[in-house]
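Below: a set of structures, written as structure tokens.
Shared chain: subunit A. Partners: subunit B in the first complex, subunit C in the second.
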Partner chain A sequence: MTVFIQGLTTGILMGCVYAFFAIGFTLVLGVMKVVNFAHGTFVVMGMYLAIFIFTTYLWDPFLSLLIVIPSMFAFGLVVYHLIIRPIREQPLSAHVIATIGLLVIVENIITLMFGSQYRTVTVSYTTSALVVGGIRMGIARMLAAGTSLCVVALSYLLLHRTDFGRAVRACADDIEGAWGLGVDVNRTFMVAFGLGSVLAGFSGAAVMPFAVASPSSGLDIVIKAFVIVIIGGMGSVGGALVGGLIIGMVEGIVSALWSPAIAIAALFMILIIMLMISPEGFFAGEA
Partner chain B sequence: MLSESPLKKTIFSLFVLALLAVPFFIRSDYLLTVLIGALYGAYICVCWNLAAGYAGLFSLGHQAFLGLGAYASTILFVKYKITPWIGMFVGGMIAAIFAAFITFVCYRCRLKGMFFAVATLAFGFLVQALFMTWDYVEASTGIWLLLQNKPQDYFFMARTPYYWIISSLLIISLLVTYFLERSRLGYRMVAIREDEDVAESLGVDSSRCKIWVMTLSAFLTALGGTFYAQFYLYISPENILSIDPLITMQVGTLVGGSGTLFGPVIGWAFFSFLGEFLRGLPLGATAVGVISRIIWGLSLLLVILFLPTGMVGLGRKLVRRRAREEGKEGSL
Partner chain C sequence: MEKGRGWPAAAIGISLIIIFLGGIALLGITPIPGLTAPATVKVGIDVGLTGFAAAWGKHAWNTYQLAFDKVNAEGGIKSLAGAKIEYKVMDYESKPDIAASNAEKLISWGASVIFGCNSSGAAMTASQVCQRAGISFIDTTDADPMITGRGFKWVFRTCPMASQLVPSAAEFMTYQGKVTGVKPTRVALLTVEQAFGASVRPVFVEGIKREGFNLVEDITYPTDQKDFTGVINKLKTRGVDFVCFVCSTPDSILLIRTFKEMDYNPIGHIGIIGGQYTDDYVKTLGKDADYTFDSCFWTPDLKVSGMADLMKEYRTRFGLDFDATDATVINSIAVYRDALDRAKTTEPEKLREAIASTDIGLGRYGYLVPDGCKFDATGQNIKQKAIVFQIMDGKWLSVYPPGVAASKAVWPILKWSQRK
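Showing the complex of A and B:
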């Protein structure tokens, strides 16, 4: 029983983190209808920026956000102008190819700069944990999960309570309609993609106190984001949280009771079953 | 309009002649090994092109078919002493059955375009994850085969027999593509790729066409998997079931020209030359791998942004422009 609850607790914490990984992805997919296979690699970029800043200046990964956020935003804008805008109206296979190309490039540039070995960041709270009734909760994981919840709430408010958010949702629903009402579609998309990149980099840096980074983990992350979006619905921030918690719990429980490798297989089974039942997602349309 | 068929036949015959001539000129084992690797890459590109280029079935799970082929023949040989010459067809059949099943399910659940891509991607990763934990197939350790001289079991001490096998496979796959291009199925496939709804309204049974093409492509891909196992003598979920072969298929096909007969061969030939060129520079083995991947990624981007029809499309455009200019001069 303790094993089960331990798995569930870890799963919930990791679920929040996975939701964090997926928000930027679901935002870009829901708003611009662009599938960004490189999203996970953007997360890895955030991780390696945090690692670089930690090894050079000994800044805590959360402090490094001061640098990670603006640089990821600038990177997102460049990618939008060079790649995303020209392919936005092309068929989806073009998105897949272009963003897989981007994934391969970024992943290998990171490998070239940092090597392909696994990297960690050891801060004062990396190994400390809160123990409640025999259940261990890592401080660093709780911190990342808490940040994730805050970011989910902020993104929700941004989308529903601000003019920018209304413009974004208008573009998601009907580009021409939004344009007719005076929304600067191109600028909205540009900022939305920049925001998606920032969220990716932010989540990467926020998990560094406990996560193990490798240049090739981008693909795993984007696959998880896919499962989350297929469960939660495209463009739905709340759905991303629900989807993240579901796959986090499944992964936590299955790894605790059987093995982590079977947990990965279980995730792909969920993805396939979800695709068969409802490819648009259960929470689709809520935004 | 330029008639392409005689041109294609000429290029095809020249290509076959060149393939036949090579072993009589190349005596170095190193060069032959490189060439076999390049032909193997081109072969899997041609197989993927059948589904993705001609039928628009943008599969991201072809590495699983490759792996199923390799594992089926290897397991049959290691555990049951069945020669891989038979095992390769068993592997092909297994891959074909899976491909037919996936395509059927995707059709029934209306998964098209990106959703088909994601569903096949999930299938590929699922197979990899399962093989990682399945002790019967040695899980993540992988299976080593012994280098031995047993032609009856698809093992050769020399490189040349492998060269003949992969060349024949490549020629067969090109012939299949060539005849498919001209068959009823081929025309239907292209119609589905261009606009599925219109094709269906004209009476094309799109599910049947898709299933046939995918099955054929998976069967041929799996034969390539067996070749990989017999030539490189080591298979594991981390080489043959990883995303690497899939990236090879995409890069070669898309850069060369998807939906064209020679596109995948030309594309992969280009990247093989590039790889060898980089290997000649004083860089170190890991750096060569990393840099060539960066170039792969860049070429994918450039092709999508500026040259959607790939090298073959560019060539056609140039030929047509020259023909038009000559026509103008003639009329003057």
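Showing the complex of A and C:
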């Protein structure tokens, strides 16, 4: 029983982290209908920015967010203007080619700047754990999970309680209608893409206290984000959380009871079942 | 009777022939390839400089540069009239299919030999290309028995393979149990799902059982596994008191961090080459890397002439510590140089025969590990010993076998709460 509860607990924590990876992806996909395959690489950018700031200034990765957030926002605006805006109304194949091209370029720049070997950050709480009733929860993991929940809540509030959020949802539902109502669609999309990049970089920096970074991790991250979006529903922040938790819990429990190798198979079985039952996801249409 | 053209004509004819042949020789064209010494000897290097293999590949590439530049600075290959070594590296990005296409490109470029690969999957595909093309492939570090188990006459391996490394690890566990009275009673095996892991796993399972240990968990995990808390929790709950690993560098780092996070304190843990012998492992984990055991093919405390200077030179040039990957590259280059001396040509078949008949000892062209290199009929080095080391204060110390080891193992290893 302890094994099950430990697996479940770890799974919930990791699930929040996966949701964090996926929020920016689902936002961009749901609002702009753009599949950004480079999203995982944006997460890796956040990781490496945190690594750079840590090794240069010895700042904790959470403190490095003061630099990571504005940097990723600016980066997102530039990418939107140069790459996303021209392809936004093009067929899906254009999205795929352009964003995979961006993934390769960014990955190679990271490799040139930081080298190809794996990098980590070791802070005072990297291997510390909180023990509750015999169940151990890594402090670093808890911090990342807690941050993720705060970001999910803030993102929900932004989308549902602010004028900008209303504009985003209007554009997601009906672009022409939004134009007609005076919404500056292009500016809205630009800011949304910038926010998506911030969320990606934010999540990358937040996991550095316990994760191992490599320039080529981006594709694995975006595939997981894709699965989460399919389960949770395109454009739904709440859906990203639910999708992330499902993936995290399945992975945690199956790894603990059987093996991590079977956990991957279990995840894809769930994906297939989801596609059969509800292909739009749990919270479809809730941008 | 018609008079002959006479001596003047003969002299002109002979002169023209001499000029013609001289001209051909100047252009480097010979009727039989390999008969004249080449001005350069081309060497292909197929390594992983990005992806999971980069932790080993980067080191290997450093050593190729150091060693070949040194050969050239010292006058080149003496048996080939001072021919310089022209080397070319290609990154297979930790993907076996790219390793194969790299090998094809290097062979088209004119490589007389291909060195590789620092991952078994890549070595399997690259060596296959070399076998087809009739160019020798020298594997420096990969443990999959199938690399030399396919009957490929063009494939050679200088390092011990899994079936030589694993028995060392399992025998070490038995030896330590006898010497200290603390014997593992419940053993687990964690294996990464790569060609390396897949090939070593059955050998390890057999080795553990042959030594009479109780293997209670045999767990495999995917290459990009990001979290081991569930696995370690399972080992704790099942009372596993010794863990055997077959893993790459990022996994080994994550595993030890998780051991500490979960306060998991086995008697010990041992790997088979893998991430434990890389300086990335030691630098990233710091003191947490201490007490790690690994069955490998080199440690810096072996008494080998010239090794200290080589290690110093490496550190000066690259700012990194020389590790076991670097040692395996030096060993492979030593074999190649010795073979060139005997073949006196880069003609592929003659060179292959020379490599196949290699029988060199410790120290020959800087060969760094007892007892040197001699290939059996499959191309596997049967002379070199496997060495078990333990990391202490960031240093790899040889602790087994008794005749070679420079230090005594700390067994059982200290619990996390006991370490400073």
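Everything below uses one rule, namely that the second predicted complex is superposed on the first by the 280 of 287 C-alpha atoms of A that agree within 3 Å, B and C clash if a C-alpha of one lies under 4 Å from a C-alpha of the other, contacts with A are read in each partner's own complex, and residues count from 1 in each chain.
The working rule: a contact is a pair of C-beta atoms (placed from the backbone, for glycine too) under 8 Å apart; a residue touches a chain by one contact, two chains touch by 3 or more.
The shown structure was predicted, so the numbers you read here are calculated from the model rather than taken from an experiment.
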{"item": "Superposition on subunit A - do subunit B and subunit C clash or fit", "value": "clash"}
{"item": "Which of subunit B and subunit C A:116 touches, first, second, both or neither", "value": "both"}
{"item": "Which of subunit B and subunit C A:127 touches, first, second, both or neither", "value": "second"}
{"item": "Touching partner for A:210 - first (subunit B), second (subunit C), both, neither", "value": "second"}
{"item": "Partner chain(s) touched by A:268 [first = subunit B, second = subunit C, both, neither]", "value": "first"}
{"item": "Which superposed partner A:259 touches (first subunit B, second subunit C, both, neither)", "value": "both"}
{"item": "Which of subunit B and subunit C A:251 touches, first, second, both or neither", "value": "second"}
{"item": "Partner chain in contact with A:22 - subunit B first, subunit C second, else both or neither", "value": "neither"}
{"item": "Touched partner set for A:6, first subunit B, second subunit C, both or neither", "value": "second"}
{"item": "Contacts of A:145 with subunit B and subunit C, given as first, second, both or neither", "value": "neither"}
{"item": "Common interface positions of subunit A, toward subunit B and toward subunit C", "value": "111, 116, 259, 261, 264"}
{"item": "Touching residues on subunit B, where the partner in the complex is subunit A", "value": "56, 58, 60, 105, 109-111, 113-115, 117-119, 121-123, 125-126, 129-130, 132-133, 243, 247, 250, 254, 286-287, 290-291, 293-294, 296-301, 303-305, 308"}
{"item": "Subunit A-touching residues of subunit C, taken from the complex the two chains share", "value": "49-52, 54-55, 57-58, 93-94, 193, 219-222, 224-231, 233-234, 237, 249-250, 253-254, 257, 260-263, 280, 284, 286, 288"}
{"item": "Of all residues in subunit A, those that touch subunit B in their complex", "value": "35, 83, 86-87, 90-98, 100-105, 107-109, 111-112, 116, 219, 223, 226, 230, 259, 261-262, 264-265, 268-269, 271-272, 275-277, 279"}
{"item": "Complex interface listing, subunit A residues touching subunit C", "value": "2-3, 6-7, 10-11, 14, 111, 115-118, 120, 122, 126-129, 136, 138, 210-212, 214-217, 220, 251-253, 255-257, 259-261, 264"}
